[in-house]
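What follows is a set of structures to go through.
Here chain A shows up in two complexes: once beside chain B, once beside chain C.
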Partner chain A sequence: MIVYIARRIFTAVFMLLAIAFVTISLFFGASKDPARAMCGKPCPPETRAKVSAYMQTDQSVVWQYTEFVKGLFVGRTYGEGAQQVHCHAPCFGYSFPNRSDVTTLIAERLPVTLSLALGAAVLCLVVGIGLGALSAIRKGGAVDRFSTGFAMFGLSVPTFLVGLLVVQVFGFMLNALPYSGFVSFSESPTDWAWHLIGPWMVLSFILAAGYIRVTRTQLLNELSADHLVAMTARGASTRQVNRHAVRGVMVPVVAMFALDVTALLGGSVIAERVFSLHGLGDLLLSGVNESDLSIVVGVTLFSAFLIIVGNLIADLLMPLLDPRIRRA
Partner chain B sequence: MANRSRRVVPAGLALVLALVTAGCNANSQSTEPTKDKNTTALKSAPRGGTLHYLSRRATESFETANAQMVPTSRLRWVHRGLTSWRTLPDKDTILVPDLATDTGTTDDGGKTWTFTLQEGLKFSNGSPITAQDVKYGIERSFAPMFQGGLGYHKTLLVGATDYDGPYDGKELDSIEVVGDHKIVFHLTRPFGNWPWIVSMPAFAPVPAAADTEPETYGEHPVASGPYQVTSFRKGSQAVLDRNPNWKADTDQTRFAGPDKIVLDMGLNNDTIVQRLIDDKGEDKTAISNALISPSQFQRIESDPSISDRMANSPSGYFRYLAMNVKRPGLSDVRVRQAINYAVNKAELQSVYGGPKFGGQITSTIMTPGIPGYTEYNLYDGGDTGNVDKAKELLADAGVSGLKLTLTYPTDVSAIEEKEAQSIKNSLARVGVKVELKGLDGNTWSELVSSADGDYDMTTNGWGADFPSGMSTIQPLFASSEIDNGGGNASKFSNPEVDAAIDAAIAEPDLDKAAEMWAAIDKQIMEDAPIVPILVQRTQALAGSKILNYFIPAYPPFANELVVGVDR
Partner chain C sequence: MPDPVLQVEDLCVSFTSGGVTADVVRDLSMRLDGGRTLAVVGESGSGKTITGRAIMRLLPRGASARGRIVVAGREMLSADERELRRARGSDVAMVFQDSMSALSPYLDIGAHIAQAVRLHDPSVTRRAARARAVEMLDRVGIPGPADAVRRFPHEFSGGMRQRAVIAMALVNRPALLIADEPTTALDVTVQAQILALLRELQQEYGMAMLLISHDFGVVGSAADDVLVLYAGRQAEYGSLRDIFDHPAHPYTAGLRAATPRLDARLDTGGERTRLRAIPGAPTSLRDAGPGCAFAPRCGLADQVGERCVVEAPLPTVRPTSEGGGLHLAACHLDRLPATQEVAR
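Showing the complex of A and B:
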């Protein structure tokens, strides 16, 4: 087990380094010049060169990469003397348009993204597994037909459409929900939830679709599996049979959930934009728009880190849920 | 700021253009009156009430060192400058003194400029506003941590290229302070528009003693204007209350009507527009920087209770087609003139939303409202173009079967693609085959601002930073603006024009300079390096209890310093 974990962590670190390199290369490959965006107006060549030197974007991709990796461990300093700005380790870079290091920016945005992701994850899990299980147990019934349709709809409509609809209907037409904004949990837990209901509904609606389908299919498979048929034949109660069946459902659901939650934690660009929430997705988008290399690399890497860690946790949980994996 | 849409989307603010007053209208056919109750300017705003500002920017700041906002914007609720702008719906924008007693004097033909501050002015913290504070504010804008912003002064002040700001104890000697109230600027060249330059954000006073944490100074600045920031939550909300030390009789441009201003930031653009359309609760006293999309015009237009609250600019941004004169297919002036005749501007006008919302067809470089703007049309083929005349010119040039490329940014808005398609269709009418090359915005802007750009034509937009040919003609047509990120997308290079531009820039008599720019405008168009297309309008919506909200001729933004709240 320890060897397995060590190997997985080693692979994860290698992956992250590779992702950082690819992101930096792609950024410069797309002929984005952060100095141009930060040069002001007018922007004569001397000014642009000065700005570029200060931001250290005048160096090669390989140099950028080495400095970035070094910065993660020992921090980075831009400029000289009284003009210095320092970015403490772990330094994901310094965002000049925001006059702040990226680590701080990520930390500022994380509560928003966390609130959004966790609420949506819980809601989609409850709705998804609930409806999925109900429709498997009463296959062909009203609930089954409704949830299959619901899932189909959720899978096929784009997030922004659902988001805009929720804002229009619940926000503007019914005046029932706030159409934008974020209140921190520590400030007021009720206001916090109140402001997030809209985005939670949108995200969980989109995500629940997958869980409904997986739960339903998996549960139907399990219920018709030989060992459960045998159990039923020997007079086990429905409750007992179902309990066994659920274990089989958990494996794919956990794997899927790990992916979804970590993706949500990396920021949900569209839901954040629609509801004027300033989480990581919004940060990444503004970084791309403003040619802000540090934000692009920092947020990408942070999201990749979450995805890798999330998958690692899911993989480690698997043997606990399924003895067959433990033995293999 | 070569590209208008690009600038407007992320940066939001900035600049420019002009106006069409009733008398100097470029195109009577396309003009419709844009008067509504909000275009009638009041001489003052009622005192009291709370003004709400809904901002689509992720965060707002009251930092002046790197700001790129016009002097009539919300930044100036808090900060004054040496000079400022007075705007009226139906007149040209004029420069007026702000902290200074006049708009500057020069006795050496525009190379040295002197300003004297009014006596008795105080900051919100009670300390007097001195020439030294103005100097320090300007010096801060040179610090590398404040890159960006309107930096004309950084290219004009003596010794500016080697100066890196005040934080290592160095001063910029070309900003000379005499006593508490006199400030003298020494420039590297005569520059007639310097009095306009000192209205820009970097010329707001900053007391050095208060600048202990430069990176966040803009969140809690010391105020010289009528309001001070009393609460600031980054990316969320700023609350402004009155600055008790500001005196109305020392200020010619700020009405300071509302008692309080609440600025909400980071809002979704479409949500803001929807809220302003709905006009409920506090949104009745709200203004914003949201952009109204063409799809919303119909809704607004159909309901007078909404359209009455919409300010529409009499003028706007310059939209044009640049022709790369260095390319073999376009090196003959007759070919470029033929293309001027061939383009169907009426179709392009409807692509942009028609005469009322989209803009007015134009045939000059400067736009109405920029001093010196004169209506003329060297290639008058009517609004839909003159195919015969174009064919004739192409035949004269001995050109047939011409193939050209047209590049444009694809990610700015879908309109640019329709615009390119329309131009392609126009030119097909005269036998010119156009290949469209849509590019990612960054790639596109690098391409059109480099010397050896591999393209024949590109669409482009422009807005001036201050009302002068200096801010419209020079950036687009001076040969120094070819390459290195310059805005000369036509690669137009004419030594006579360059000399005339230099002379106009130097001229300290701005009336005379305006005449010089008018002549240069025509001189360039004789070479036909571009096809002028439109003067694009801008629109903005306000709540039903907002007074005095209008977009002047120039700049194409509502003056946020003069709005009042109807209680």
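Showing the complex of A and C:
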């Protein structure tokens, strides 16, 4: 077990290094010059070259990459003299437009994203599993027809549309919910929740669809499974049988959940944009808009790291739920 | 005469779907004593499995049973949920056809058996129940039982799994075992082993066995009496010998003729023989007319004429060979012709 985890972590490190390389290469392959945004207007070529040298974006991709990896271990220093900035190890890069190192930026944005992700995750689990289970138990009933339609809608409607609708209906028309802004949990837990209800609704609406479908299908399979008939034949009560059926549903739900949550933790660009929340998704978007390499690489790596961890946790949980997945 | 372990009187099972009700089992009666085996034979859709499930009140949604079923003195059709739970797994147990799907993929073999023990006697500790499981696995001939209890169903071979299912069914020494095609999913040599094991345990425990099968070979080697079902109705009932040697119903005769025999070549002096299948397919239960359900496929219906189409035959007593018990057949013909061209 420990060997297995160690091996997975070892692979993960290499994966992250590879992702960093790909991100840096793509950035320089496709993007405009980062120095351009920083040098202001007018921007004579010599100033631009100076800025470029200062930001160290005038070097080759391979140089960028080795500097980046070196920065992770020993930190990184940009410029010299009065202009010098130092980014402590582990340095994921320095954002010039924000005048801050990327680690700090991510740490600042994290509470917003975390609040958004965890609330949406809990809500989508409750709604998804609840509706899925109800529609499986009363297959063909009113709840089933409603939730099948609901899931269909959730899967096919884009996030931004749902987001705008929620803002329009609850924020403007009904005037029931705030349509933007964030209050930190430590400041006021009720205000915190109040401001996040809208985004939670949007994200969990989109996500719940998958859980409704998986829960419904899986529970229907389980409920008609011979091993549950056999359990009844041994003298088990309906309650005991149902409890056992839940186990079969858990396996795919846990797998899905691990991926969804980690994807959410990496930032939800659209929902954050619609509700003007300054989370990781918003940070990434601004990084892309301002051609800020450090932010793009930093946030990408952070998301990738979460996804890898999420996968690892799911892989470790799975054999506990389903012995068939257990390794010899 | 001692009270039978299983008594079924006028059992009807009907399915309702989309406002239409169809009888899948009609007017079925049977009686089974301890230590005896009754085989219920018929083709797919004849109602064999449903009959077995009805006895345990394990009918799927939309199905309902009428009539009377008594298992070890307990009225099953009027029993409440509590009573049913007490009966299931203790008075009457079931062995399923597909052992893979009958076992939960999330529980090890020992947990299945221990669960059967503890559901009926909560005073047994977990540890003691596991010990019973080991004992039982040993009894059904699983090598290394102490290790096998910790295995999961997918780690067992088909034959081993079926043994485990048998151990699970018999751990509480039921008075009646319903074996629903217990050997169908197994290859021939394993089939013989499982049948021998079932017979041996039956004798040891003195239990009655309802053997549901479509395989006359299996029936011939395990049953005392045979009930032939056609379209949910009793076609013929009798001792194994009467059914095999003196069938009184054209359908039974047809089934006998359709049984593949390993010694077929020898019988015909080395000539190639073709398996004689009964032509046609069972009539849909929904558009069953008033007449004999088998009439459309019966080669002898012409000899009887009109009657087969307008009137359903009732089971009547037929001659028995020496030592045979009751022999009933539901056919308008009093006796099958000697040279039978029973199927069209």
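Criterion: the second predicted complex is superposed on the first by the 322 of 328 C-alpha atoms of A that agree within 3 Å, B and C clash if a C-alpha of one lies under 4 Å from a C-alpha of the other, contacts with A are read in each partner's own complex, and residues count from 1 in each chain.
Heads up, the rule we're going with is that a residue touches a chain if its C-beta (ideal position, glycine included) is under 8 Å from a C-beta of that chain, and two chains touch if they have at least 3 such contacts.
This structure is a prediction, so every number in the text was calculated from the model and none was measured.
S.K.: With chain A superposed, do chain B and chain C clash or fit?
M.R.: In the superposition, chain B and chain C stay clear of each other.
S.K.: Take the Cα centre of chain A as the vertex and report the angle out to the centres of chain B and chain C, nearest 10 degrees.
M.R.: Given the fit on chain A C-alpha atoms, the answer is 150 degrees.
S.K.: Mind working out whether A:275 is in touch with chain B, chain C, both or neither, as first, second, both or neither?
M.R.: It touches chain B, and chain C stays clear.
S.K.: Once chain A of both complexes is superposed, is A:39 in touch with chain B (first), chain C (second), both, or neither?
M.R.: Once the two structures are laid over each other on A, A:39 reaches chain B alone.
S.K.: More residues of chain A are touched by which chain, chain B or chain C?
M.R.: After superposing on chain A, more of chain A is contacted by B.
S.K.: Let me test your reading of the model: by the given contact rule, A:2 touches which partner, first (chain B), second (chain C), both or neither?
M.R.: Neither chain B nor chain C is touched by A:2.
S.K.: Where does A:229 make contact in the superposed view: on chain B (first), on chain C (second), on both, or on neither?
M.R.: It touches chain C, and chain B stays clear.
S.K.: Where does A:174 make contact in the superposed view: on chain B (first), on chain C (second), on both, or on neither?
M.R.: neither
S.K.: Which value, in Å, gives the least CA distance between chain B and chain C in the superposed three-chain arrangement?
M.R.: It is 50 Å, taken between the nearest C-alpha atoms.
S.K.: Sort out for me which residues of chain A touch chain C in the complex.
M.R.: On the chain A side, the touching residues are 225-238, 244, 247-248, 321-324.
S.K.: Across the complex, what residues on chain C touch chain A?
M.R.: 56, 58, 81, 85-90, 93-94, 96, 98, 101-106, 108, 112, 115-116, 119-120, 152, 154, 165, 168
S.K.: Mind listing the chain A positions that touch chain B in their complex?
M.R.: Where chain A meets chain B, its residues are 30-33, 36-48, 50-51, 54-55, 79, 81-83, 85, 96-100, 108, 164, 167-168, 171-172, 179-180, 182, 273-276, 278, 282, 286, 289-291.
S.K.: Of all residues in chain B, which touch chain A in the complex?
M.R.: 1, 9-10, 14, 58-59, 66, 68, 143-145, 147-152, 154-155, 161, 164-165, 167-169, 215-216, 234-236, 266-268, 270-271, 274-275, 278, 440, 442-443, 445-446, 465, 475, 484-485
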